[in-house]
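Look at the two complexes coming up: chain A is in both, with chain B in one and chain C in the other.
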Partner chain A sequence: MSEMKTAAYICQGCGISDRLNTKQMVQIAQKEGKMQIVREHAFLCNAEGVQMIRDDIEKEAVTHIMIAACSRRAKTEAFNFPTVSMARANIREGVLWSQPEIEAAVEVTQDMADDYVRMGCAEVKKMKLPEGTPNKAQNKRILVVGGGVSGLTAALESAEAGYEVLVVEKQGELGGWARQLWKRVPSKSPYTDPVDTGISELIAKVTQHSRIKVYLNSTIAQTDGAPGRFQVQIATESGATTTEEVGAIVQASGFTSYDINKLPELGGGKIQNVVDQAGLERMLVAAGGQGGALRRPSDGGEIKSVAFIQCAGQRDESGKHLPYCSGHCCNTSIKQAMYFKDANPGIDTVVMYTDLRTPGMGEDFYRSAQNKGVTFTKGKASEVVTSGNSCDIKFKDLILNEDSSIQADLVVLATGQIPNSGVNIELAEAAQGETKPISILNLTYRQGKDLPQLKHGLTDSHFICFPYETRRTGIYAAGPVRRPMDIAQAMEDATGAAMKAIQAVENASLGRAAHPRSGDLSFPIVRLEGCTQCKRCTVECPFGAIDEDEKRYPVFNESRCRRCGTCMGACPVRVISFENYSPDSVGSQIKAVDMPDEFSEKPRILVLACENDAYPAIDMAGMQRNVYSAFVRIIPVRCLGSVNTVWITDALNGGWDGVMMMGCKHGEDYQCHFVKGSELANYRMSKIDDTLKQLGLETERVASFEVAITDIARVPQLINDYVAKIQEIGMSPMKGFA
Partner chain B sequence: MSELNTSTTEKYHNNFLREVEENVEEGEWVKMCMQCGVCSGSCPLGAHWAHPPQELFMMIRAGKREAVLSSDSMWMCTSCYNCVVRCPRKLPITGIMHGLASYANKLGMAPKIQPTRDFSLQFWKNCTRTGRVNELRLTLGLYFNDGLMAGIKKGWAMRNIGLGLLKAGRLNPFELFKGHSCKDQQGIQAMLKKAAEIEARRKHSTH
Partner chain C sequence: MATPIATSQTILVVGGGISGMTAALEAAECGKQVILVEKSPTLGGRTALMYRYFPKLCHPICGLEINLRRLKGNRNVRVLTLAEVSKISGTRGNYAVTLNVAPRYINENCTACGECAKAVTKEIPNPYNYGLNQMKVAYLPHKMAYPLRYVLDPSAIGTADADAARAACKYDAIDLNMQREAVELTVGAVIWATGWKPYDAAKIQPYGYDRYPNVITSLEFERMADLHGPTGGKLLRPSDGKEAKNIAFIQCAGSRDENHLRHCSRICCMASLKQTQYVREAYGADGKSTIYYIDIRAIDRFEDFYLKVQNDPTVSFVKSKVARIAQDGNSGDLTLHGVDTEGYHRYANVHDLVVLAIGMEPAVKGVDIPAEIIADSSGFLESAPGGSIFGAGCASGPLDVNRSVQHATAAALRAIQVVNKSASTEAS
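On to the complex of A and B.
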């Protein structure tokens, strides 16, 4: 782009000119903002106003525009000028609607609007139009790791959508767990009987598909690259490796059944007539599926009664077994009890549960089992012992509140699912446990070989907000590796992950960001000559987007990047920036405000608000006319993780009286859109006290707050309380030096 | 233990649930209970039951035959139908309670001193005799249920109400001796006989 030509537009609409002196704002944009063109308009977002801006862009070759009107979150369709850089001064929600319409407030309200005009002018001059990364990658093939129900579904869905697919399966046959099942829980009406798994048809569709290539007996020896250009080495059992290039990866590595031998008190591994759910399926497949024809494993005797013990080694509070619920096991036990009842209604089947959880349409299936005469007992089994050729189950009846026992010829334990997540990259090698997990993807990423885990070893980044999303762009988890689930859920999950993978390859080919800043063309640019190789960016990037080269400089992989700016916030020498968001674009706003002197009784509080939750909450507070102090100046940031400490020191040196940082909830049950951003910001800010003390300032002058998007009433209160506290402490002694 | 009771015990061994399904009115619904406890929580008299409905259903499944049939819990049901309205599984709980009570009575296992049972038996006897309820006889029968002295005491306590009814022509003392019956007394007897036949047939068909 050639010469910069700036223009500012001040809107008078929505009552702005009734309460504010827009003439004065125009003068400020001209004299202090040094904008080359400054115009006022009575109704800027109408066709005429928008045309006025368009004309300036076309005829006057304006390249940078500052619009002082409503919030940047409003009227985005009208103020859509993709060919120029744009800053928005939030006069409507941020000033007009959040300040009281009283005589005493007129002066401070005008101060606020004037400052936002100054800040907007300062910001836009530091912005550049994002041109998109030159490193666009065009490979659109999708690699699916795992050939079970999830993997096969993901492969088929992607191939049907027109994408080439590679399926890599460790075993010699496709089908995974589903192949070992006699039947599955029904997924269609009437939900009354177990149905065929359908796995053979699924396998046939995948193997016969012209766009799907299957590697059996194979594992991933190495994964290198980024979305649109992953280099994957596929190792076969014989030791030979093939290198394939793919655009995105779906990891559907499934689960391992919880080891029944870890439950000796329930007879696991000790009593022959005690099996797990998978074991019963194997017995049935071997017997040709006749539940009535099954014989007792111990002596080949007739099976007259079967007991199913739910939550065996699951939902365990003692810390010995799995803490979570695997979701599928109640329906699975109901299905297995039906195997027996359908074959011979005379066989007694008892399902012993503490809470029967039947997701999906499982309630109908449960009712059907009750109709068939399966008995459901609410109780907690404590011990299974042999008694003759059958088993004696000791349990606590939770309805009758008494210790009881029942006899059964066969006991089936509903053990849970353990995700095949590979290596936990957040643990040291020594802490990986007695059986060191084998890496699934063998990533060459600086941050570790496998996908980061959320909790309980599950490969996910947020169960509710971002399903399938992992913290590695272009790699999506599907099926029980992500969250315990049954076949129906796994198929839905796989379809979702396939769609994510398709988005990823398409975005990568255009050089655009993926979720949550979908479509963003800006990307981090590093001025390597200033880099001190401190590695903070490579360590802190929540998405593992930054590697290191042989000289230990950071290597940015733009298509892995989510554009949160955590690297920019981390960089102590401030060499990382985006074209339209940089240490300078925010820093210049901080310096642009008109700082009243120490005796003015007008403190200035800087609010750095996360654009995902806190900033919308503040906007909505304005919409609801929730009044907050006129002494704050609010700057939206991409994520609190992008907040560089230089902004804080600049603000304090510049005479600001306090800094409020508003970000999303972090830690357990985090709500940060970039997973670790707000947590990192919180950590960095915990270290800022020393800086404050060096400056001779009170530590209260910098404070962090967790704000949710729903905190519409709370945010004004937070602001007012903080301003009151700063007024109590007194004005900053730093005023007038900058 | 009555003869009937002994024979059914033999027949069902421990499978009390099946016995209930086949012999108790609406008993086939017991297996559909999902143990949510809404019935027990909804019962206005729940606090007075030794075993609220949810527990009775669990006891049936657990084979606690003696404890269920000799319990006075189901006799506490006032037929308010609150539980039936609220049951998410649509169980006719009120019907099952009366079915269980009736079955226990038939087997001779119902508690011997139980006001609801006493009243029910007297009422049934009273109204099936003539096809009409003889109020005076029913009232006096209840008064003297606990003995002569107790009956006289209760009658004395209620004397003013009785005199009031007499003066207003709402109480005819001669009813005590003969009483009037419905027009077609034989018809009533035939209907009751037929109903008993149908009931027996229904149970037979589920076997």
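On to the complex of A and C.
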């Protein structure tokens, strides 16, 4: 690598030179920042200013630049120099716009700008241009676990994009639940009649595709490795195991239908003429689809009336059954009622529901059923009993608000979907439930064998904007294992998951991070000779990216890593760092500020702000000209999880008067995109009180805050209140000892 | 403006809301070249104007920040704002597209310092607050706007304001001679992510949106609840500026109605359930929300949120399609008339403010779209087999944000299949 050559650029535009002494900032960059080239410019982001920087990079071989201008969130197109390391001192939003334009504020505003220049110079010198991991993994094959509609779609869509695919199906045939259906709900105009499932064509396309290989009667015995280099052991029924290498995984392990035997009050498992929706489909397939030809299971008698009971064992508040709604069942019952009506309009069909849920164009399908004479009753069934050869359904009529009953020859229970998620890795082995779940992926990760579950066993993403934000890089859940859904939605979902799997292998092959730090080439580097094998990094990694070797040293799997820095924050001996973000790159900023003495009445508060939410909120406060105390110095961090306590102790030892940590909401509805970053930081800080006491400092000198990106007005208030509190406590006694 | 380089390997994404941004970024992060066009001056679309999302009650601009950071760091996506597609011709893998790019009157030199906005005087209704307040003719759409660059409204051109703005700009960023221009592109695949628009509430005559100031839409309510919206987060009645504490939410306003929108708009039940929590956020136990509904469609695990709201004592539910609304001329209060179908009794309930859970219409409706994209009976897109123009997000159906993003991710793969195929054909 070429030798480091540094340059600093101070912008005078947007009123910076009207209110700040930029000459002084230039001198600071030269003398204290020790930057080799320092230039001022009236308008740094215009073509001429950018060209000036570019010329320095090309002609002067500059490798490290510090730009003191606007926020790092602004002018990103202009200040785009991918071949050099860059630090940006936020003089505009962070100083000029957040400080009042009054005579009394001139001095402290200048202090602030000067410090940000010092910090920017210190930071950039500790940065290296990330070169990407040398361990680039090149396998681009996609493994699809599950051969139902979701799995087959994921396989076909990946193969059509040019990727090799393996499908592993535990049964002896492809097709899953869809193969057992007579027809499906329409997903295109006109939304009037049940349509063919299309499953035979889908199976044919998959089995005939030159890029798809199918394993039947097979399960995953072990998954080892990382995106771009997963080693997967496939166990076949015969007991033989084959090892295959793949680059990414789509888990389309589907659902299990809720056990009808758990609903004896509705006749489930007790009355022959009570079936579930899947049972009715099987009867129809056996009868060749003639709804009118179906006979009563109990005695082979004619079926003259059919009742569908919605939400059977679903939306249950008692805790006995499924708490959620499975989404598809209203449309499915409408479809099944049509089976009878289309064959013989004389058959009575009643759908009993509490809320009929046919979103989107499903409304047309609902209308079509009404036109065909299907009856809809708003009611809640409490009991189904045998009455001669037919059934008696006791229910509460929710319109008339009275108890009522109807008779039906056949009762169909709309039961729900239970995701086949494998092992709940957050529960202890003993707590897994009556029937111990069988792992789907058998991951060798220390965090557990399967994908983490969100809620109700669903392996969904926690984020509304990012439905495929997985907690195991390169492994994406698709279909009803992720969320209850119908065929149309499962096919969309599987296509999206295939997209993410393809992206994962492309990223891994280039050594790039996946979402949310997409494209990041930096990766954790560990200085093993200093490692004490404490295992905090391996335990705390939210993505299961770190294994342990036989000597209990951490083994980083870079392509699993999302570059959040939680490991760096966890490390008590600070041996983990990124090329452009390290204990040193932040620590040197903390040490670079000019620390006023005890009698100056100028406290210094360090703010470590999450770059996803808190930092943009502070930035936008500046854009709004919301004033906050000039005594803070703000450093954006990748995640509060990456905050190493050494920064806090260094700051306090160095005479800083207080430290504010601003991170995302934690707890059940957490907002941290690195899962537990803010929670971990909170936990670590709760342990810092002892250190503070040892230093003879008040515990208030370190405080954590949950900040949302919308806290544009609140953040200045938080800062001002905290500064006031610190002023009340008094200046740190540590000043002058550093 | 320099015409961006595009080839049959390029994917064109039309629409810069969350679906379009997602489709563009997912494809670009796979190494594909993408051109993202947006007809307004900023990316972010409708989600940037939402206060919170259901069911987590988190803030949409958090995700927007991440998406914008992805975009800023990715050189495969080129963004054109104020651009609309005026013509598409060609076949799968090879389309000639004409874009119509409107002038912004402010060029790349803009630093977003805001001096031009200080200099101008004329104000226009603020479309980013659905017209609930006014903004200057030189404006930044919102704080999360991308590009972070001001806009000069065309109505300012030729007035003293335009000259004042130009004089105030120290950076030579204001160019009053910018003209509308046509840009020709060749692309391999097109993702149509033009999103949705609210159904015209005035068409629902019995609800009096056009007559009663205190009848507003759910989108307007969203802006009102936002701390950075036109009322600073206060739920104020438009008629007299008083705090509204007894609020009615009317479901299926336009939706599930053959006289208006045939379809169910899917998001409105969850949106109203969410908005009852804005009332709670504002007043604690002193607020009152009433939801008038046909069916509450809290699908799949959203049921948890429905249950939570049902257990909130400040929220009540009336199963009824409201027949009509009458306004008390003096107070501005509104009386809702109808029949509660649970028990069949008539009601005449008085509320301070009525929020119409307004239905979702495809934004493409009424726009001349290529014949290759088939529309269903409501005007949502259904891509034709054999083509490579793909619908994504709410252009293709009424979807919530999560499902729109899922759908847009799938659309990105369909587009990649097309350009990968033509790449392998060209290579062999």
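The rule we apply is simple: the second predicted complex is superposed on the first by the 732 of 738 C-alpha atoms of A that agree within 3 Å, B and C clash if a C-alpha of one lies under 4 Å from a C-alpha of the other, contacts with A are read in each partner's own complex, and residues count from 1 in each chain.
One rule holds for everything that comes next: a residue touches a chain if its C-beta (ideal position, glycine included) is under 8 Å from a C-beta of that chain, and two chains touch if they have at least 3 such contacts.
Worth saying up front: this structure is predicted, and the values here are computed from it rather than measured.
Peer 1: Just from the overlay, do chain B and chain C fit on chain A, or is there a clash?
Peer 2: These partners clash in the superposed model.
Peer 1: Go through the superposed model and pick first if A:I399 touches only chain B, second if only chain C, both, or neither.
Peer 2: After superposing on A, A:I399 lies in contact with both chain B and chain C.
Peer 1: Once the shared chain is lined up, is A:M485 touching chain B (first), chain C (second), both, or neither of them?
Peer 2: Only chain C; A:M485 stays clear of chain B.
Peer 1: Report for A:K304: first if it touches chain B alone, second if chain C alone, otherwise both or neither.
Peer 2: neither
Peer 1: In this superposition, which partner touches a larger number of chain A residues, chain B or chain C?
Peer 2: Residues of chain A touched, chain B against chain C: more for C.
Peer 1: Between chain B (first) and chain C (second), which, if any, makes contact with A:L356: first, second, both or neither?
Peer 2: It touches chain B and chain C both.
Peer 1: Name the contact category of A:I709: first (chain B only), second (chain C only), both, or neither.
Peer 2: Only chain C is touched by A:I709; chain B is not.
Peer 1: After lining up the shared chain so the two structures overlap, which partner does A:Q370 touch, if you call chain B first and chain C second: first, second, both or neither?
Peer 2: A:Q370: touches chain B, not chain C.
Peer 1: First (chain B), second (chain C), both or neither: which does A:K262 touch?
Peer 2: neither
Peer 1: Now that the structures are stacked on chain A, which of 3-11, 21-29 or 39-47 shows chain B clashing with chain C?
Peer 2: 39-47
Peer 1: Show which residues of chain A both chain B and chain C reach, each in its own complex.
Peer 2: Common to the two interfaces on chain A: residues 356, 367, 378, 399-400.
Peer 1: Which residues of chain C touch chain A in the complex?
Peer 2: 18, 25-26, 29-31, 47, 53, 56-67, 69-70, 72-75, 108-109, 111-113, 143-144, 147-148, 170-171, 226-228, 255-256, 262-264, 266, 295-304, 307, 341-344, 374, 376-378, 380, 382, 397-399, 401-403, 405-407, 409-410, 412-414, 416-417, 420-421, 424
Peer 1: Which residues of chain B touch chain A in the complex?
Peer 2: Counting only chain B, the residues touching chain A are 17, 31-32, 34-35, 54-55, 58-59, 61-62, 89.
Peer 1: Which stretch or stretches of chain A touch chain B in the complex?
Peer 2: Residue list for chain A touching chain B: 356, 366-367, 370-371, 373, 375-378, 397, 399-400, 404.
Peer 1: For chain A, which residues are in contact with chain C within the complex?
Peer 2: Residue list for chain A touching chain C: 13-15, 43, 45-46, 70, 73-78, 80, 157, 160-162, 188-190, 315, 317, 323-327, 353, 355-364, 367, 378, 398-401, 455-456, 458, 460, 463-468, 483-485, 489, 492-493, 495-496, 498-500, 502-503, 506-507, 515-516, 518-519, 612-613, 616, 620, 623-624, 665, 669, 671, 673, 708-710, 712-713.
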